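Read through the structures below before going on.
Look for chain A in each of the two complexes below; its partner is chain B in the first and chain C in the second.
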Partner chain A sequence: MEKIISLSHVTKKFEVGDGYFTALNDVSLSFNAGEFAGFVGPSGSGKTTLLNIIGSLDSPTEGEAMVMGRDIAKLSHKDSAKLRNLHIGFIFQVFNLLPVYTVFENVEFALLLQDVPKEERKKAVMEALEWVGLESMANKRPDKLSGGEGQRVAIARAMVKRPKILLADEPTANLDSANAHAILKTMKTLNKELGTTFLFSTHDEKVMAYLDRTVSLKDGKVVSDVANKDQQVQA
Partner chain B sequence: MKLAFILAYKNLIGAGLRTWLNVGILAFAFILIIFYNGLLDGWNQQARLDTINWEIGYGELRTDNYDPFDPFSIQDAHKAYKSEEFPMLTPILIRQASIYPHGRMISIALKGIPVDQSQLKLPTSFLTSEKETIPAIIGKRMADAAKLKEGEEVLLRWRDKNGTFDAMNITIVKIFDSNVGNIDASQIWISLEQLQTMTGLKEEATYLVANEGYSHEKISGWTFVSQETLLQNINDIIASKKISGSVMYLMLLAIALLAIFDTQVLSVFRRQKEIGTYVAMGMTPGQVVVLFTMEGSMYSFLAMLVGGLVGIPIFTYLAMNGISFPDVTQDMGVTMASRIFPVFGVQLILGTMVLVIVSATIVSFLPAKKIAYMNPVEALKGKLQ
Partner chain C sequence: MIKFLFKGIIRDKSRSMLPIIVISLGVSLTIVLSGFLSGAMTDMVDQNAKFETGHVKIMSRAYADNKDQLPNDLALLGVDSLVANLQVNYPDLQWVKRIRFGGLLDAPDGNGESKGQGPAAGIAINLLDASSGEVERMNISNSIVSGNLPKNAKEALIGDEFANKLNLKIGDEVTYFGTTMNGSMTFQNFIISGTIRFGVAAMDRGAILLDITAAQEMLDMEDGTGEILGFYNNGVYDDKAAIALETAFNKRFENNPDEYAPEMFTLRAQNNLGDLLDYANNMSAIFVIIFVGAMSVVLWNTGLIGGLRRYQEFGIRLALGESKGSIYRSLVLEATLIGIIGSLVGTSLGLIGAFYLQNYGINIEGMVDNSAMMMPTVMRAKVTPDLYYIGFIPGVFAMVFGNMLSGIGIYKRETASLFKELEV
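Let's look at the complex of A and B:
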């Protein structure tokens, strides 16, 4: 299996007042292409920081973070933007849909950045909306959507460019149980069909039940890294 | 750039009322700037044109000892001229005199001008009256000051060339209305031939007004003063008005730009998560700067559009029909026509457009530059201060 993410002795410190807060402490992990894995742990354990570093939104204070063969700490603004643009999709806890765009335009945005021709864009966007079952809502604005629908649009937006890696930060935190399961099933299906690597940050047990691999963090350190062979829920 | 344009357009149109409020303010400022400057330009052009048409023509040939700012120079400021030698010149003779309207004495400048001249707009054809008294024309200001009416007779006293006083009644045959005070206040115009006869100064004049097409060659005893020199005062006044106009211009522009700047600065904070999302999705800081700068400049483009839709019919109407001003402005010492036709030149419109667009772009760029390199993680959390 292709190793797509490799973290070696990654430490991340944030300045707090006169001192430092260590969000990640000597974390070494690697992920293969097509994994459906998650970081779990209490608030402040470093889950989101880890996702941000993998997503090249942040860089480690110490250690090396290699994503798709690129050293995150050494990427310029332009190169890290290119990496995110082409290979990494994000799903946020609060969806972060662009409020003035329609559902179609929100999903189309990632392809606009890649300068994909109009016809191809339209086809890809409608396909992505089909994946999440929202093709009939293409012309609606985000404020007309329910929480579940909003998160499904976020998934379509992240997946439309068929990224190698999809990072989801607490994707079910604002959803009810039914919507959470529906979304997780959708993501699991996309993981299987498109081979995208999914990495979650969560402390939601519903999400954990879907994960093939669970990395537990506590105080910035990896305390366990377990492959879930007997998932409680099947996609 | 194309992407930034599309996104900026979508963002602005999607923002709805916020966008249209800014556009409205900018369009209003745009219209006001053009209107104000068009009005000033119209006023200035009219002032120059009136001065040329009523007073100075295309320059003046003055007798060497004539100083228009020194009344004592008038007595000796006359010189013989031969009209056949100066076909492109309109001679004017000035003498000091007094009139006695309603028992008062008023000192005046008595000016003689050829009855058949067409260089100046003075209605000299009225001076051919066949009455026994001397026909005279005066301006509205003079008529108001002396309380004279058309058809009224008034006693005129003057000195002949030997310094002897003489007196005779004149009849006000016409009161003309001119914006140029220099040919009106404390002046009475009669036929040149008449004045030359009255004063014994046959074939003499104080100064000669050049007609269009006059080409000057040095003539002994006469000093040529060019049209530009004669317009210098009015040009200076126009220049000083331009400065005060620029202050107004900048104030209006500042108000509009403040609205854009405010919106853009607020956007930095209000739209942090949106900016974080852009960056997370792969926009470079440079693209973010271009997007936000484009949004700011697009306000000015939309304002041009709205300003054009609203302004063009108004400006066209005003340029064709003018704006009337009450007579009271004359009494307040403001020399202006009762109707001013604003001039909305291409230079004014294009200049204002460029200035508004460039300024709007600059005030949009400043906050955009600030946000472009913000930490995307902090932006996504909406934690930037």
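Let's look at the complex of A and C:
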């Protein structure tokens, strides 16, 4: 399997007053293409910092973070943006749809950034909306959608460009149980069909139940790395 | 992308409405004020030119030195040949003689006793010779309130206000008392053929208008005149050409020591009209500078507020992989679109206002009743071609500039905190 993410002795420190707060402490992890994995742990354990680094939104203080063969620490702002634009999708706890645009336009925006021709865009957007079962809602505005529908649009927006990696930060936190399961099933299906690597940051046991691999973090360190329920693949 | 941004502008009223209102207001005010002040100043210059200074004026040097005293004893003589010479040498201009004089006007009653008197400001022009163009130039036919134009040299026009003050009617006889060119007293009776209102307070109060032949006879100024005025045939003052003409004309007499030698003055060099001309020419630029400065500050702040309101949107766009430079450029593009919309609306409104003020003007008669300045009583705007773009370009510029300043904030955004920020 192709190794898509490789973190080697990654440490991330933030300046706090006269000292430092260590958010990640010597983390070494790697993920293959097509994994459906998640980071779990209490608040402040370093889950979001890890997503930030993998998503090229931040860079490590020490160590090496390679994503899609690129050293995150050495990327310029423009190159980071390009990496995200072409290969990384994001799903947030809050759906963060652009309120003045329709569902179609929200999903289309990711392709506009890639200068995809109009006809191709239209086809890709409708296909993405089909994946999440919202093709009939294409012309609706986000304020007309339910919470579950909003998050499905966010998934379509993240997936329409067929990214190699999808990072989801607490994607079910604002959803009821039925919607959470529906969303997770959709993501699992897309993971299988498109081969996208899904990485979650979560507290939610419903999410954990769907993960093929769970990385537990505490105080910025990896305390366990379990595959397929109880199968430890990496310490 | 432009279409996408345009949709956002149209749908998100709070993003576009306030800037469009601010720009429309600024652009329309710039156009109306610029057109109005430029028109008013041009009118003032024009009034002065027609009634007093001409586009160029020739006087004797001695007369020019004391011109405020209307010293007809220092007037030019032999003017018929001088005017003929001017018409040959400078055919671009129409040359006319004028005599300005002061005196006392007496209105007798039925018994020949004085029923009223008042100081008169006399102007003698070529009233009886239609080819001089003086009647049209001073808009006399349209300014007559009652009666008619004089039909002979024994008739005179008198200011309507002056006539009312002296209780005079059409056909009444008045007597002018004054001094001749040689300093002796002169008395002359005239029949009032009409009353006139120029709309110039300084003249309407005490003007008497005679044909120049009558004045020459009355003031012993045969073949003499106080002033020779030159007007460009197209009626438009050409500052550069006038200055060149003045220089060339005066050069011919620079070695002549005679204090009665003719000397030419441009409109610019008289009655401080140079400053007024410069103001009229620069009025648009002055307004544009004020407008761009003020609007940029307002729109900068509007952009900052908009940036705060769209903080989440920019965060999403950064996360989706849009670069900061791309977001900044899209903000500038949006600002350009909004600037164009606002400027179009503002230009339309401004032109409507300017056209209204050009047709109807603002009556300031009450304010200039006691003014000695030569200024019109109805101030009008002047719609010139530059008004079509004078607000438009600064409107777009102010919006773009304001947003360029406020948009710089995007470069300070830390992508590392996006997840936290977008959780809210």
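What we mean here is this: the second predicted complex is superposed on the first by the 228 of 235 C-alpha atoms of A that agree within 3 Å, B and C clash if a C-alpha of one lies under 4 Å from a C-alpha of the other, contacts with A are read in each partner's own complex, and residues count from 1 in each chain.
The rule is short, and it goes like this: a residue touches a chain if its C-beta (ideal position, glycine included) is under 8 Å from a C-beta of that chain, and two chains touch if they have at least 3 such contacts.
Note that the coordinates shown come from a computational prediction; the quantities given were computed from them, not determined experimentally.
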Following the overlay on chain A, give me a clash-or-fit verdict for chain B and chain C. clash
Under the stated touch criterion, which partner chain does A:57 make contact with: chain B (first), chain C (second), both, or neither? both
Pick one for A:85: touches chain B only (first), chain C only (second), both, or neither. both
Does chain B (first) or chain C (second) touch A:96, or do both, or does neither? both
Between chain B and chain C, whom does A:170 touch in the aligned arrangement: first, second, both, or neither? second
Where on chain A do the contacts with chain B and the contacts with chain C coincide? 52, 55, 57-58, 77-78, 81-86, 90, 92, 94, 96, 98, 100-101, 105, 109-110, 112-113, 157
Considering the complex alone, what residue numbers of chain A touch chain C? 48, 51-52, 55, 57-58, 77-78, 80-86, 88, 90, 92-94, 96, 98, 100-101, 105, 108-110, 112-113, 157, 169-170
Taking the touch rule as given, give the residues of chain C at its contact with chain A in the complex, in rising order. 1, 4, 7-8, 11-12, 15, 312-313, 315-326, 415-416, 418-420, 422-424
Applying the document's contact rule, which stretches of chain B touch chain A when the two form their complex? 3, 6-7, 10-11, 13-15, 273-274, 276-277, 279-287, 373, 375-377, 380
Would you pull the chain A residues touching chain B in the complex into a rising list? 52, 55, 57-58, 77-78, 81-86, 90, 92, 94, 96, 98-101, 105, 109-110, 112-115, 157
